[in-house]
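Below is one structure, written out as structure tokens; comments come after it.
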Amino acid sequence: MNPLISSFLAINPPYWVDTLAKIGIGLVAVLLPTGALVYLFLFKMMSFMQSRLGPMETGPYGQLQLLAEFGKFLQKEDIFPSKADRFVFAAAPFVVLVSTFMLVLVLPGGPDTHFVDLNTGIYFAMAVSSVSVIGILMAGWGSNSKYSLLGGIRAAGQLIAYELPLVLSVVGVVIMAGTLNMKGIVAAQADFGVWFIIPQIIGFFIFMVAVQAELTQPPFDMPVAESELVTGYLTEYSGMRFLLFFIGEFATAAVFSAIGATLFLGGWTVPFVDINAEIMDYIGPLVLAAKMVFIAFLIFWFRITYPRFREDQLQRLAWKFLIPLSLFNIVVTAIFKVVF
Amino acid sequence: MTTDINAEFDITNNEQLRYIAAQAADARVNVELETEGMTLNIGPQHPATHGTLRIVARLDGEQVISAEPIMGYMHRGYEKLTEVRTYPQVTTLINRIDWVGSFANEVPFILAAEELMEVEAPPRAQYIRTALFEMGRIANIMLFLGDMAVQLGGVTAIFYAFRDREFVLNQIESATGGRFHPNFNRIGGVKDDLPAGWIKETKSSMQKVRDFCDEMEDLVVGNEIFQARCRGVGIIPADVAMAYGLSGANLRGSGVDWDLRRDADSPLAWKDLDWKVWTHPDGDSFSRYWVRLQETREATYMVEQLLDGLPAGPVMAKVPRIIKVPAGESYVQTENPLGAMGYYVVSKGELTPFRVKIRTASFSNMSISPWLLEGVLVPDIATILASLYFILGDIDR
Amino acid sequence: MPKLPGMLVGLGVTAKTFIKTVFPDGPLAPPAPSKGAHTVQYPHVKEAPPERARGVIALHHDNCTACMLCARECPDWCIYIEGHKELAPPRRAGGKPRQKNKLDRFDIDFALCMYCGICVEVCPFDALFWSPEFEFSEMKIADLLHDKGRLADWMETVPEYPAYEAGAEVKIKKLPSPSS
């Protein structure tokens, strides 16, 4: 029995209805924020920051542009390079997408609004997010293209390197909250008085940098560096499979923004409102979406402004700066936790 | 300055060691692991080469062992075509050599023909020529200032470059009629005088260019990532730069104070102006970017000075309606946006030139790339090629 | 004042452009990105090219004598002219009939044209003009061969010659009166 369904329908649905509803809501929960982010930031904010208007013809202010893009990609031929490893090449985008969808599972949208309430929620999220590396490596290897291979290997090196600071930056939050459960972390922030972004500002900084790198967005887009590797591991993809990668990239951006909002900005809570009030089940997801948009705004702002690091520089940044800094952050957090 | 024939092997220990290390690494990998390096074909269709340049790079992992540029995919045979075009027709062809700063292409050819005909354009025409020449330089280098950032992954700078370059191009268009191919020079002067109100609008567009330069300093030059990517990458020592025949900002970026606008005896109006040649001692990619940025700003002041001091008078000297250039040879080179560009015109007294040799800056600037790309990482290829700044039409003509 | 890190300054540049684009009338006025952006929505909004812009070549065929100068001077020989001689009535009563060159065909292949303007410049009878009109694209490249009727239509779009900047000694030319 899912409280989400039962609270909306006031019935106790059979298992299969429950599952279908969860899949549907999951699709919406992934695709809707993704589309919103791409439209708001990639189409519009990027255009405005560059003194132009972006798409304007499809619908009012180009709001239907995404549908047009979707239709365009669907129509395109699904090209396999002649000597590609067909199965690996074909499966790669799905591996990436699956990891994104599994991330959404643990996101709480309210006291009772969630897909699953894992005790090890944030641990699960961090673990599952690494799966996309495999998909990217598969894409790089399966394409049988030198650009793809270089891009895939760069991506693997980068994602693994930044996995560590990402996890370590979360550890600070976990120490403060004393739980791995996402809802527990939200509740701990309400108890603590301020959101964890204030005491964990270093952790938030590391989290943002690491997320930027995990998403392979500029300034960490070396794996898809279009000026030397064409588009890296995406070079040989076309049509629907390219679209899946594209959705995977921006859906991951949306989900990581939501995780960041949950960990550092108090999740679904609003100040001065009881976090377990029944109303939060309904407006909680909206609050979370608003906070997610704010974090995504930062991510895309960096993306638009900065040039990219070189491969060795970003490795150095991860291993020599971010990881020691996050370890220091953990130690300081632990000391404060014990002392106070 | 003297040049050493072995200059490429004793420049800095670092370069040499890197090269030897690359060679050794390749050999070791080949022998021990029974693997081989990878040959990466960058181009001819590739986003980094903005045109059809092909670079065959031999890689060991991410390190370039050797790289060789292959040019000529866009050869259009302009040297041969000029032999069957009359002198007025030639300018319309040579507009297309360096297509982003095309006004500057016409000037050396026209000067060479004027030298053979022993006519001199009136001072007003020389001032208009020089002003448009410098505006061509601004239009050209602004594109570089944005493009370099794009090659390094910062997408926004190029939009600012295109946005503010438009003001300069509009002014070129309203004076000459063409945005990219002005075809405004004639033997003995320029085609037409300036339209009313042009000077005022040009001055305001120059102000916008200076604002753009400030913006680039904030957005690109000051950015720590940009500096990390450019500083110390692609170092050209001064003597190597001289040995390879580099010119323009690539040479000045290596600390050589050499500018044909100041150093050559030209009938154009540069000698009447108060300006400065910018150099940077480092010789790396960053210094080339920095020198070009300062040059753009300097050029805006030069245009303003030229427009303030514009003398009254005619814009055409007396030349016959049908132009026959007397027999003889002349070579004129000017400091074009990309570097020194020269035309060697041989005339036999006919309606058409007998032979024209075109010396373009990009061709010489490109020739250093095998030396420069040895031992760098793959991402640095993009940095170095972007900082050398070539226009494919200027390489292949 | 300590120097801000360049990365923060860079963020400021993009944010400033964002604000300038979205709020061109100041932060309190309603957002108007269409006004703040430097681009125009082309088919709906059109920018006027300057008067001297070399858009398309217009023909005033009363003035043309089919002298072929333009066709000969064209660098890529994209002008095709045919003409014949015919007798026109005398200027004064009782005079001899005049011989006049009548223009049969005047085609310009705009697929070949390099827009250099040499034909307009060499024309000794002021029959060719530049018009800033630029919207004459065609679906097929062969359709870019425009005949004299089409070229004459563009005469209407030719602007008057603009005045010159102070200090110029060039005379301002006049457009011929529209053909009857």
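Every chain is named by a letter (A, B and C) in the order it is written, and numbering of its residues begins at 1.
By our rule, a contact is a pair of C-beta atoms (placed from the backbone, for glycine too) under 8 Å apart; a residue touches a chain by one contact, two chains touch by 3 or more.
The shown structure was predicted, so the numbers you read here are calculated from the model rather than taken from an experiment.
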Longest centre-to-centre distance from chain A, chain (CA-based): C
Relative to the centroid of every protein C-alpha atom displayed, which chain's own C-alpha centroid is closest? B
I'd like to verify one number: the distance from the centre of chain A to the centre of chain B, where each centre is the average of its C-alpha atoms, in whole angstrom. 44
Between chain B and chain C, centroid-to-centroid distance (C-alpha), Å: 29
Round to the nearest whole Å and give the separation of the Cα centres of chain A and chain C. 52
Would you pick out the residues of chain A that each touch at least 2 other chains? 49-52, 304-306
What are the residue numbers in chain B that touch two or more other chains? 156, 160, 163, 219-220, 223, 225-226
Touching two or more other chains, which residues of chain C qualify? 7, 10, 13-14, 17, 38
In the complex with chain A, residue positions of chain B that touch it: 38, 40, 42, 46-48, 62, 149-156, 159-160, 163, 219-220, 223, 225-226, 228-229, 377-382, 386
Where on chain C does chain B make contact in their complex? 5-7, 9-10, 12-14, 17, 38, 49-54, 73, 75, 114-118, 121, 130, 162-170
Note: in the complex, chain C contacts chain A through residues 7, 10-11, 13-15, 17-18, 20-22, 33-34, 36-39, 41
Of all residues in chain B, which touch chain C in the complex? 85-86, 88-89, 91-93, 95, 124, 156, 160, 163, 166, 170, 173-178, 181, 183, 191-199, 215, 218-227, 310-315
For chain A, which residues count as touching chain C in their complex? 45, 47-53, 56, 301-302, 304-306
